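Both complexes below contain chain A, partnered by chain B and then by chain C.
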Partner chain A sequence: MLDALTGLGVLEYVWLAPLIPLLCFVIAGFFGNRTPQGGGYIAIFGALAAFVVALLASYEYVMSDAYSAGEAFVRDLEWLVFGDYALNFGVYIDSLSCIMMLFASFISLLIFIYSVGYMDGEGKKKRRYYAEVSLFLTGMLGLVVSSNYLQMFIFWEIMGLCSYLLIGFWGFDHPEGDEATENAASAAKKAFLVTRLGDVCLLAGLFILLHMFGTLDYEGMFMQAKIDAVVAANPVKFPVAMALVFGGAIGKSAQFPLHDWLPDAMAGPTTVSALIHAATMVKGGVFLVARSFPLFVQSADVMLFVAIIGGVTAVFTATMALNNMNIKRVLAYSTLSQLGYMVLSLGAGGYLVAMGMETGNAELIGLGVLGYSAGVFHMVNHAFFKALLFLGSGSVIHSTGTEDMRLMGGLGKKMKITSITMLLGSLSIAGFPFFSGFWSKDLVLETALAPASHGLGAEHWFTLLFALGMITAFMTAFYMFRMWFLTFAGKPRERAVLSHGESPKSMTMPLVILSIFAVGSGLAIFANFLCHAAQSLEVGMRWIMDAGRVGINEHVYDGIAVVKHMFGNVWTYVAIALTLVGMAIAHAVYAKRKFEPEAFRIENKGRLYKLVANRYYAPEIYNQISWKLGAGVAKAVDLTDRKVVDGAVNGIANAIIGAGDAVSMSQTGYVRNYAGVVVLGVVVLAVVFVLAFALTGGI
Partner chain B sequence: MMDMSFLKDVFGEFVPILPQIVMVLATLTVPALFYANRSGKACAWFSLGALALVGILVGLMMHDGTFYGDYAGLFSFDPFSGLMMLLFLAVAFLTVLVSPDSTEVTIHKGEYYAIIMGIVTGMFFVASASNLMVLFVGVEVVSISSYALVALKKNDPRAAEAAVKYFIVGGLSSALTLYGISLFYGMTHTLDIAGVAAAVDTMEFTGAFALATIALIAGYGFKIAAVPFHMWAPDVYEGAATPVSGFLATGSKKMGFVLFFKVFLMMFVVLRSGFATQEVQYLFAVIAAVTMTLGNIVAISQSNIKRMLAYSSIAQAGYILIALAVMSEYALVGGMFHMFTHVFMKFGAFIVVLSLIAAGLGERIQDYNGLAKRAPFVAFAMLLFLFSLAGIPPLAGFTSKFVLFSSAIYVNGAVVTQWVWLAIVAIVNSAISLYYYARVVKAMYVEEGPTDALAIRGGHKFAIALCVVAVILLGVFPTPLLEAIGDAAAHFFLAP
Partner chain C sequence: MIPIELVLGFSAALFAVGLYGILTTRRGLVALMCVEIMLNAANINLVAFSAYSGDALGQAFAIFTIAIAAAEVAVGIALMLNAYKTKGTTDIDELTSMRW
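== the complex of A and B ==
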C-alpha cells in the first residue's frame, strides 16, 4: 500500500501544492457567489488537495534515497533568460520544505473548515474572504517550495498583499460601525507598511547576494567552495547582506522593533489571525532564517544579532500580554514572544555552529544544529497550539460577541469543548511538562545557554538571553492562565451571560483535532523529529555537518538521548517550576480571587502598568518618528515636488503635448504632402548617410 | 510525433515551399467556395481551417528539423522563415476569427477572405525569400492586396480616401524599392541576397551605393511606418474596417521588419567585413529614436482610439528598430520577441475596439467613459493590452521590451555604451506612452458614463480571451518562445 503511494511519483508534481490553491483563488474569486458558502468549499478543497499533495510528496521524498543521502529534490524550469543570465522557477524540497508544507496546508485546511461556521454571517463578502485566504495559502506553500530567493520573494510579497487585504477585510462596512472600520483599514495599512520596511531590507540583501554569488538558486549558492570564496572575497559585504536578509525576517515575523503591526492585525477576522499567526505569514520570516542557515552561520556576529533580537522580542512582548484585557491581543503578544523564542534558538544555534567551525569543535556544531532543529520544532508546535488558541478565542468571540475578557467569565460551563481545548492549548504554550510546547521550549532555552556554558565569546549576552528566556517562560504561563481563568472560570459577567452557548460543529471539530496535535506534536521528538529537521542542513551545509558529525550524533540524532539529556539538566526543572508558579499565581489571582486584582490597581496605575499597557509607547514612537522625521521630510519633499518637480514635469508635459498637437497639425490629410514628406525624408536620410561616411572617414 | 517523411516522397524537391503551395491552393479555393454557396461564414471557417492546417504543417516541419532547405535558390525554409510564417499565420488567424462578427466588414465576403489569404501567401514569400526579386514580388502581392482590402469597405468615404492615399504613397515606396534593387543589381550583377551581400563587402563607397541603401530603407520603411514614411498609417488605420486595421498594424508591419532583417542584417552584419555597418547602424538608430518619439508624442493628442493605436503602433515600430541599430544576435531575439508580443497586445486592443463598435459604441476615447461597468471583461482586457503596450510587468510587453532595450546595452556579451542613449530614449518614450494609455484606462474605470450593459459577441470575446492569455503567458513564461526565437536568430546569424 505504502509502496504504491511512493510509486505515484507525486514528488514530481509537488508544485501542484501551491498551484491548486491558486486555481481555487481564481475560481472562488470569479464564481464564489454562485457556489454554496461563497466559495468556502472551493477553498477547503484547495487546502485539502494541497495537504494531500504535500503529504504524498513528503512521504515519497522521505522514503527516497535522496533523503537519506542528504540531497534535496530540485526541479528547475528556466524562466527568463537575459543574455547569459538565467532566472529559474522551480521547487527545492528538503525536510524543511516538507515540514512547512505539511503543517501550513493542514492547519489552513482546519481554519478554512472552521471559517464555514465563523464567517457564516458575512453574506456576499465571503467570496472575497475565501478567494483571499486561498491566495494566502498559495503564498505560503509557494514560499516554502521555491528553489531560489527571487521566487521565494515573489511568494513572500503575495503573502504580504494577502495579509493587507485580509487584515483590512472589514476596512469598509465593519459590522461594528465606522470606528471599527477605520481601525481595520489603518491596521491593514500598518501591517503592509511596517512589513514593507523589512521587505525593502530583504530585497536589498538579495541584490547584494546576487551580486556576490551570481545566482539566487539555493542549489547553486549552498556550496562550500562558493560560500568560502564569496565570504573571503567580501568580508564586509557578506555580513551586511545577511543582516539585511534578516531585516526581512524581522518585518515578516514581527520581531523587535518592527513587531508592532502584529497586535493591530487583530482587526481582521479571528480566522485570519489564526492563519497569520499559525500557518502562514509570520512563519515566513522564521523560515527565511532557517532556509538561509548555511549562509547565516558564516557570520557569528550576525547570528549573535539574530539571537539578541529574538531574546529581546520574547521577553519584551511577553510583558505586554500581562495586563491586556483583549483576548485576541493576549494571544497576539504571545505569538510575538514565541516567535522570539524561535529566532533566539536559530540565532544561538547559528552562533554555536559558527564558533564550532571557527574552533573546529564538533561538540559546538552539534549543539548548534540542535538549536536549529529546536527552532523548527518550536515553530511546528507553535503552529498547532496557536491555531488552536486563536480558533478557540474565535469561538468565544462568536458566542459572546466581545473580545474584552472583563465582560466574559464562567464560560467553561456553557462552552465545554472550547474551554477544554483552550485549556490544552494553554498548557501547551505555557510549557507544562509533556505537552508539546514543553519539549521545544526547553530545547530552545538549552541552546540559548550553551554558548555561555561553553565559555565562548559573548557569554554575557547569552547568559542574559537565557535569563530573559526563563523569565519569558514564567510570564507565558502566567498570562495564558490569566486569560483562561478570566474567560472560562469564575462567575459569568455581562456578555458571558448573553452568550449563546457552544459554537457549531464546523467550529468545534477543528478545535478538537487541533487540540490532539497541540498536546501530542511534541512527542514527535521521540520519532527523531530533530534529526529529520536537521536533514535540511545536510542538504544545505554538508561540509559543516561532516565537520560536526560527532557532536551531531550525540546531541541530535537520538531522540531518546536528547530527552534523557533534557531531564538530566537542572534548568529543565527550574523552567518547570517557573511555569507552575506562573500558573499558580494566575489561578490564585484570577480564579480563586485570593488577591483581588483590583488591589493591585493602585500600583497598576503606576508608571510601569501604563508603560506596558501602552505597548512601551511603541506606536507613539512610531508616530513621533514618522511625524517629526517623516512629516518634516514629507513637507520639504512636497514643496520641492510642487514647485520644482511639478513645474518641470508640467512644463515638459505641456511641451510634449504641444509638440504632439503641432506635429499632428502637420498631418494635413493631403496625399501630396505625404508624398512630399517621403521624398524629403529620402533626401535627409541620404544627407545623413553621406555625412556619416564623411565624418567617419569612410569616403 | 507524426512521421512526416511521406511528404518528402510526395513533394520531392518542392518540400521547402510546401507551406506556400498549400497557402496558394487555399487562397484560390476561397472565392470558389464563395461562388458555390454564397456564405461568408463558410469562407471564414474554411480560411480558419486552412490557416490552422498550415500552422500545424509549418510547426511539424520545424519540429521535425529535416525539412530545412532551399528551393531553386529563390526560397529557403529555415527556422527563421518558419517562425515568421507562424507569426503571420497567428495574425491572419485572429483577423479571420473576429471578422464574421464584425459589423464593419463589407458585403463582399468571398473577396475579403480571399484577399486575406492572398496577403498571407505574399508574406510567406517574403519570409522565405532568398532573392531580392522574390522579396519584391512578395511585398507587391501583400501591398496590392492590402490596398484592395482597405478599399473593400466601399460605403464609407473615409475608407475610400484612406485606400487611395495608401495606394499612392505605397506606389511611391514600391518605386523606391525597385529603384534600390535595380541599383544593387547594377552594382553587383546578382539578385541573390547572399550574393549581393558578398559583393557589397568588397565594394568602395559610391553615390550609387548610398542611393540604393537609402532607397531600400525608404521603400521598406513605408511598410513599417517608420518616420518619415509613416503618414499614411493613421489615416489608413482609421479609415479601414477595424479587423483590417489590426491586420495591417500587426501583420503587414511585421513583414516590413522581416524585409529589413533579411536585407540589412544579412548585408551589413552577417556577411560583413565591416563595410558601411556603422553608418547604417547610426541611420537606423536615428530613425528608431525619431520614430518612437514622434509616434508617442502625437499619440497623446489623438481623440480617436484607432488613430491613437495607429500612432502607438508607429512608436512600437521604433522600439523594434533598435534591433536594426544594434545588429546583434541578442537584439534580433529582442526584436523578434517584441514582434510576437506586439501581435497579441496590439491586435488585442484592436479586437476590443472592433467588438465595441459591433456592440454600438463609437471610436472616440470619450465614448469609453464608464466602460468598466458596461462591459467589465472587455474593459479589463483592454486595460491589460494597454498596460502591456506601455510595458508594465508582468505582461508580455514588459518582458519583450526588457529584452529589446537591454540588447542596446548588453551587446555580444558585454556592456557597451554606444547604444545606451538609444535605450534611454526608448525608456523615456515608454514613460510618455503610459500617459495616453492610462488616459483610456481612466476613461474606462474612473469617468462616469452610460450604465447600460453592452452585448459583446461571443466570437470577439473568444478572440479577446485568446489574446489575454497570450499577453499574460508570454509575460510570465516566455522561455519556450524565446528558445524558438533564439534558434531562429542563431540560424540567421549562421546563414551562408
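== the complex of A and C ==
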C-alpha cells in the first residue's frame, strides 16, 4: 500500500499544491455566489487537495534516496534570461518545505471548514472571503516550494496583498477618521505599508545577492565553494545583504520594530487572524530565515542581531499582552512573543554554527543545528496551538458578540468544547510540561543559553536574551491563563449572559482536531522530528554538517537523548516552575479574586500601565516618523512633480500657444494688406533679380 | 507693326492701374474689376509676345485666360452678392470675420 503511494510520482507534480488553491481562487472568485456557502466548499476542496498533494509528495520525498542522501528535489523551468543572469521558476523540496506545506495546508483546511460556520451570516461577501483565503493559501504554499528567492518574493507579495484584503474585509471605508486601532480599513493599510517597509529591504537584499552570486536559485547558491568565494570577495556587502534580507523577515514576521501592524490586524475576521498567525503570513518571515540559514551562518554578527531582535520582541510584546482586555489582542501579542522565540532560536543557533565554523568546534555546530531545528519545531507547534486559540476565541466572539473580556466570564458552562480546547491550547502555549509548546520552548531557551555557557565573546548578550526568554515564559503563562479565567471562569458578566451557547459543529470539530495536535504535536520530538528538520540543513550546507557530524549526532539525531538532556538541565525545571507560578498568579487574581487586579493600578492612570496600554507608544512613533519623514519626502516629490516636471511640459505647450497667437495677429483680414504684402514681395524679388543680373552681367 | 515696347508699356500701365485700384479701394466690386484689369494686362503681354515671336501659342493662352477670367468673375460676383445678403455690405474692410 505505502509502496504504491511512493510509485504514484506525486513529487513530480508537487507544484499542484499551490496551483489548486489558485484555481479555487479563480473559480470561487467568479462563480462563488452560484455555489452553496459562497464558494466555501470550493476553498475547502482546494485546501484538502493541497494537503493531500503535500502529504503524498512529502511521503514520497522522505522515502526517496534523495532524502537519505541529503539532496533536495529540484525541478526548474527557465523563466527569464537577461545578460549573465538566468531566472528560473520551479520547485525546491527539502524537509523544511515539506513541514511547512503540511502544516500550512492542514491548518488552512481546518480554518476553512471552521469558516463555514463562522462566516455563515455574511451573505454575498462570502464569495470574496473564500476567494481571498484560497489565494492566501496559494501564496504560502508557493512561498515554501519556490526554487529561488525571486519566485519566493512573488508569493511573499501575494500574501502581503491577501493580508491587506482580508484584514480590511469588514470594509474599506474610514467612517471614524484614520485611527488604525478603530477601523478595518486603516488596519489593513497599516499592515500593508509596514510590511512593505520590510519587503523593500528584502528586495534590496536580493538585488545584492543576485549581484554577488549571479543567481538566486537555492540550489546554485547553497554551495560551499560559491559561498566561501562570495564571502571572501565581499566582506562588507555580504553581511549588509543578509541584514537586509532579515529586514524582510522583520516586516513579515512582525518583529520589533515593525511589530505594530499585527495587533491592528485583529480588525479582520477571527478566521483571518488564525490564518495569518498560524498557517501563513507571519510564518513566512521565519521560513525566510530558516531557508536562508546557510547564508546567514556566514556572519556571526548578523546572527547575533537576529537573536537580539527575536529576544527583545519576545519580551517586549509579552508585556503588552499583560493588561489588554481584548481577547484577540492578547492572542495577537502572544503570537508576536512566540515569533520572537522562533527568531531567537534561529539567531542563537546560527550564531553557534557560525562560531563553530570559525573555531572548528563540532560541539557548537551540533548545538546550533539543534537551535535551528528547535525554531522550526516551535513554528509547527505554535501553528497548531495558535490556530486553536484563535478559532476558540472566534467561537467565543461568535457566541457573545463582543471581544471585550470584561464583558465575558463564566462561559465554561455554556461552551464546554470551546472552553476545554482553549484550556488545552493555553496549557500548550504556556509551556505546561508535556504539552507541545513545552518541548519546543525549552529547546529554544536551551539554545539561547548555549552561547553564553560556551564563552564565545557575546556572553552578556546571550545571558540577557536567555533571561528575557525566561521572563517571557513566565509572562506567557500568566497572560494566557488570565485570558482563560476571565473568559471561561467566574460569574457571567453582561455579554456572557446573552451568549447563545456552544457554536455549531463545523466550528467545534476543527477545534477538537486542533486541540489533539496542540497537545500532541510536541511528541514528534520522539519521532526524531529534530532530525527530520535538520535534514533541510544537510541539503543546504552539507559541508558544515559534515564538519559538525559528531556534535549533531549527539544533539539532534536521537530524540530520546535530547529529551534526557533536557531533563538533566536545571533550567528546564526553573522554566516549569516559572510557568506554574504564572498560572497560579493568574488563578489567584482572576479566578479566586484573592487580589483585586484593580488594586495594582491607580484608576488606570499608573504610568507603566499607560505605557503598556499604549503599546509603548509605537503607533505614535510610527505616526511621527511617517508624518515627519514620510510626509516631508512625499511633499518634496509632489512639488518636484508639479513644479518641475509638469512645469516643463506646460511651459513648452504655453510657449507654442503664445507664439501661435502672436503670429496669427499678422492675419488682419484686410484684403488690401494682403495685396500690399504680395506686391512688396514681388518688388523685393524683382529688385533682387535685377541686382543679381546687374552684378553677374546678365544671363 | 507697333513696336513691342509700346505694347508692353501699355500693359504695365494697365497693370499698375489695376494694382493701384486694389490697394486703395474698399469696395468689393471695384476690387474685382481691378483684378480683371490686371488679368487683361497679362493677356495683352501674352498676345504681344505671341505676335512678336510669331508663335500662336500665346494667343491660345490668352483665350484660355479670358475664359477662366469669366468663370472667376462669376464666382467673385456670387461671393459679393452673398456677402451683401448676409452682412449687408460689400466693403472688404468689413468682411474680416474669418481672421484669427
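Rule of thumb we're sticking to: the second predicted complex is superposed on the first by the 622 of 699 C-alpha atoms of A that agree within 3 Å, B and C clash if a C-alpha of one lies under 4 Å from a C-alpha of the other, contacts with A are read in each partner's own complex, and residues count from 1 in each chain.
One rule holds for everything that comes next: a contact is a pair of C-beta atoms (placed from the backbone, for glycine too) under 8 Å apart; a residue touches a chain by one contact, two chains touch by 3 or more.
Here the structure is a predicted model, which means the values were calculated and not measured.
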item	value
Chain B versus chain C as contact partner of A:Gly669, first or second or both or neither	both
Touching partner for A:Thr359 - first (chain B), second (chain C), both, neither	neither
Per-residue touch tally on chain A - higher for chain B or for chain C	B
Contacts of A:Asn654 with chain B and chain C, given as first, second, both or neither	neither
Touched partner set for A:Trp79, first chain B, second chain C, both or neither	first
Shared contact residues on chain A - chain B and chain C	664, 667, 669, 671, 675, 679
Chain C to chain A touching residues, read off their complex	19, 22-26, 31, 92-93, 95-100
In the complex, chain A residues that touch chain C	664-665, 667-672, 675-676, 679
Residues of chain A that touch chain B when the two form their complex	77-84, 89, 653, 656-657, 659-661, 663-664, 667, 669, 671, 673-675, 677-682, 684-686, 688-690, 692-693, 696, 698-699
Sites on chain B touched by chain A in the complex	164-165, 168-169, 172-173, 176, 205, 210-211, 213-215, 217-218, 221-222, 227-229, 231-232, 234-235, 276, 278-279, 282-283, 286-287, 294, 297-302, 330, 399, 402-403, 406, 410, 413, 432, 435, 477-479, 482
